[in-house]
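I've put the structures underneath this note.
Across the two complexes that follow, subunit A remains constant while its partner is subunit B and subsequently subunit C.
Entry: the complex of A and B
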């Protein structure tokens, strides 16, 4: 064979098998199903796993298992881990720009702006982990000789219905605040554009985020959200990516074990988010402690 | 139902001396380890759904020996366990009671009180559980204590050291003595600690040794070592009780213990029972699970079937 023909011979494509991310592992769907993911013009991109309710159940078990360690980690440590996610994303920027451009039909430069904003969003929330307690907690003046202190604590396992349109920046904007405060998450990726979410899972797996803290499922949003909303071991649900009819149905199902529900609302994901999503999945613990000022010595402490 | 009364059956002559016993046990066919594990694995792939699953879950609950064998056991904890055994799910009174609670001998009285008036039995481990490293007199005193306190079932451990050293008659004599100490009032479960017996051949020999010596139940393990009940060693013991009944007409129970934590696992064991020993063993008189956390998973699965929603650990007791 001459050197010339060798050069022109086309290389066999190596396609990526997209998989779920559950408990730090990358399983296929228990159901064995996949569905076709196309770009905005209808061209085939890849097959994504179509998860079943059993995958959702497994993801909740993994998230519950990870909750103790993650919520018990120091806020400072969580901040470092989230910052590490941004670092890892930076290294795979090109890949995410391509995936976001394909998924959302954006030009390369617009997609790059989206990815940059998403990376910055991780850094932003990484900074918040050890500051949120000072902002929304604190000492309360009470009518008695007590120290009265309020401190925010994570709600628990949060099901996140990721935004449908903004498949990457939107996803990061709803996911990062959930885990920044110490919750663990089960994410249902955008139904039409799940690939950026599934690739984000690969980043999370290599950036010190303990397995199970984030679990990513792809598939039919309605099919996966229903069992999660009714699941007795899920403590909260973020309905960002549910349409009006689905959101109503899920909210009813979620009422059964008094889940915290964050209703869908119009959001500009490019804007600075504020602390709303951080506080949505926090509980306030208040402790009373005698000051000791009743003592005979007269000391107020 | 065949009885388990010790009878002078066809195998009585093999225990005439150490050498006849050894000849008999070593004459048992060798175990095909690969085939055994493949068989156990293939039976584990059965899909049990809907009504069959509901039946299996209730059956499994009724077969649980709810166990607490910790140094930190208190009478209060035993009472709580007893209450849970009688009404595993207080929110749903159709839930069957478990078969028994399983405790250390000094907790038998507390357990007996806790399950009084119900069908739940009290099982007690004895004979210097879990190591079994004590003089025979001490072991027998342990058993008599438990029986006197009202234990319905005694879970003894065999002397693995003697077994592995090939002193089969010593092991046999000990089981016979313990059986005698149990008298007519208590059923005897014999624990082999399969994780310490090293080979499948040894598990088969131990099973036959235990059955010949008059065990009412043969039990895999104490739950205190690294390898406990596995589908393969339980399958092997189920084959042994099946063959033993075919040969002598005496039916003997099986109890896998330790490491069975999910409903899925429990249902796999029930499939093994049905396919190996047969339907006669699908009853808590003949098959038990030695477990503690398994019951919570069974209850959560039961709640899921009843409500259609996945349940969570917040809806079962913490024990």
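Entry: the complex of A and C
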């Protein structure tokens, strides 16, 4: 009789404990805090970590540590790694469709369109890694006997305040260009819909993205963005997910070490991106060298 | 040995100065603000004096713009923007070509004027500043009708009114870097020159009139920091461009936060000039001298930190000291002068204080025998050895003819020390090994790297910094972006 009962009851599913992603590992918040994440109808989905300032600082340390290797990797290699992210996402498409539908209150077909666009966005940026330097850099015809070349280089550690509404496609659209060019990122996930971002971290961890290149924090946007905007070892900040008042406050804090600031702007994340998000976090380095001349005495300076 | 050489030379030939004539320039006793195509008094009637730093002679009295004048100038620029931005690019180009040509025609006059107002040697204004000013206008003139092909999409739009604040170290060149790309892209400008060097900007206003530039397209507002602050804070300014100190740059970044104003900043530096043991020593010495004594070291991209590999330190320092003993300091109008006057009493006091701090912190100070003129603001070329990275003179921008010498053993150490600064504007590399140049250049966090040369500039070459040396680039195709809505 007891056997019969067990067969008719649905299987109890295994919940996932959502965790942060810092330095390639999946820690809980050092603060021990979590907050309730619900779907658009208010139904409980999970308890997400509510990161602290300390978590944000740890994430910056991890991002800085990863910067040398990632920025020093060949552009071809970075392209392959980004493409690998698309491959891994494709395999977990159903999971993300479900998570995005829950997070953003979308129908299954609309959520599928979002996830497909996000996968395709990784592919788009994967292709950019070894092309952007030729498009925006090049030789400068100076009026003198000099070789002169301008090349883009990544700015460094970029804090990314991910879009609040478009919790997955928006996130991918702001994150992929940051790391495509060799920056490392500390991402603050959408405050009310952080789960797709935390799940994306699991994809990144299995996609050959070196630990620390992307760090994902969930929690209160304002609480986490303030220390990142003021952090002396953060080089730039993308304010995509900050409201007007917060964006102004963060931009003022960012001036302390002259971070590059990308202000929030209306974006249709379904549209094909331009190169603005790539160039926003690139520096231009210009190198000179005398060309000399091949005279009797050989080359000269 | 150094003394002997000097003695021998002076006994063989008596020094004969070769001063450039002042008669080529006619400085009026007073100048107004340049607003909407007219020279006008400041609304509150305020004026200030501009002096020649080499003699402390008052050159002229200049109207000092206040908030009401900023209001007037921005209004004029806004009004002019409608027609100026609607002109075909080819027509805007021709105005800029005219300006470039008139600058070339009046080049000697402007060089003498700049030397008088700034204190830098005529050799530099004549051979560096003025040719680069004309070239910059000529270069951006050509872009005005080719913006569709600049890589910013089809038909990129100007931003509107640009508020521009420039420093005193290259007054007319910095004006050119600001105004040429702004006008080429269809913006109109309100520019504030530095309070110690307003004259060449006011002469430029006259050139705009000669070129027939429509009224209000260029407005010049001489004044102090408060004038600049009012300009960058003005709600009808769409674009802010500033060259100057990092501290003021940060203040401006805070001012424009939360607005839609586009901002570019070109700020301070503490450039490392790295000399490896296989470097051509004589050429490196010339590069070091150019790096820190060009324009009395009052250059944001100066090579103010010399990093020399230990094994060649003695040889290099001997050569460098010998070379410094031959530098001629004095009358900036003398065509033989290498080192001119410091731009202002205030700047001289800052350089003096930092050099004293260098001594107090234990670095070893050296200057060649060098007589300073009795009047004016002067500072002898100065070297500090035994400098550590913790010393103030290795960290702070001195903006004067003061070189801090540090040593290293390995390329890794050189790179680490070069990058150990809040700044990231320029760096120099001296070595005969090509792969080492490229390896080191790729690891230096700086916007301009000069290898086996230093302090070279060109309108086609993007200039600007990493980190706290600012953001955005001036010059080249890159320089257009700062003035386009992209």
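A few comments on the model shown:
We adopt the following convention: the second predicted complex is superposed on the first by the 286 of 301 C-alpha atoms of A that agree within 3 Å, B and C clash if a C-alpha of one lies under 4 Å from a C-alpha of the other, contacts with A are read in each partner's own complex, and residues count from 1 in each chain.
Methods note: contacts are C-beta pairs under 8 Å (C-beta built on N, C-alpha and C of every residue); 3 or more make two chains touch, one makes a residue touch a chain.
Given the structure is predicted, the values throughout are model-derived calculations rather than measurements.
For the composite obtained by superposing both complexes on subunit A, the positions of subunit B and subunit C are free of clash and fit together.
When the shared chain is aligned, subunit C comes close enough to touch A:141, but subunit B does not.
In the superposed model, A:248 lies in contact with subunit C only, and not with subunit B. In the overlay built on the shared chain, the residue A:60 is in contact with subunit B alone; subunit C does not reach it. Touching more residues of subunit A than its counterpart among subunit B and subunit C is C. The superposed model places subunit B and subunit C at 80 degrees from each other around the C-alpha centre of subunit A, with the value given to the nearest 10. In the overlay built on the shared chain, the residue A:256 is in contact with subunit B and with subunit C.
By the touch criterion defined above, A:288 reaches subunit C but does not reach subunit B.
By the touch criterion defined above, A:231 lies against subunit B but remains apart from subunit C after alignment on the C-alpha atoms of chain A. Once both structures are fitted on chain A, no C-alpha atom of subunit B lies closer than 5 Å to one of subunit C. Contacts of subunit A with subunit B, set against its contacts with subunit C after fitting on chain A, overlap at residues 256. Every residue of subunit A that touches subunit B in the complex is listed here, in rising order: 57, 60, 64, 227, 230-234, 256. Listing the residues of subunit B that touch subunit A in their complex gives 303, 308-315. Against subunit A, the residues of subunit C that register as touching in their complex are 135, 151, 153, 246, 249-251, 253-254, 257-258, 260, 265, 267, 280, 283, 422, 437, 441, 446-453, 456, 458, 460-464, 466-468, 470-471, 473, 476, 478, 486. Contacts from subunit A toward subunit C in the complex involve residues 135-136, 140-144, 146, 148, 150, 155, 235, 244, 247-248, 251-252, 254-258, 260-261, 263, 274, 276, 283-290, 301.
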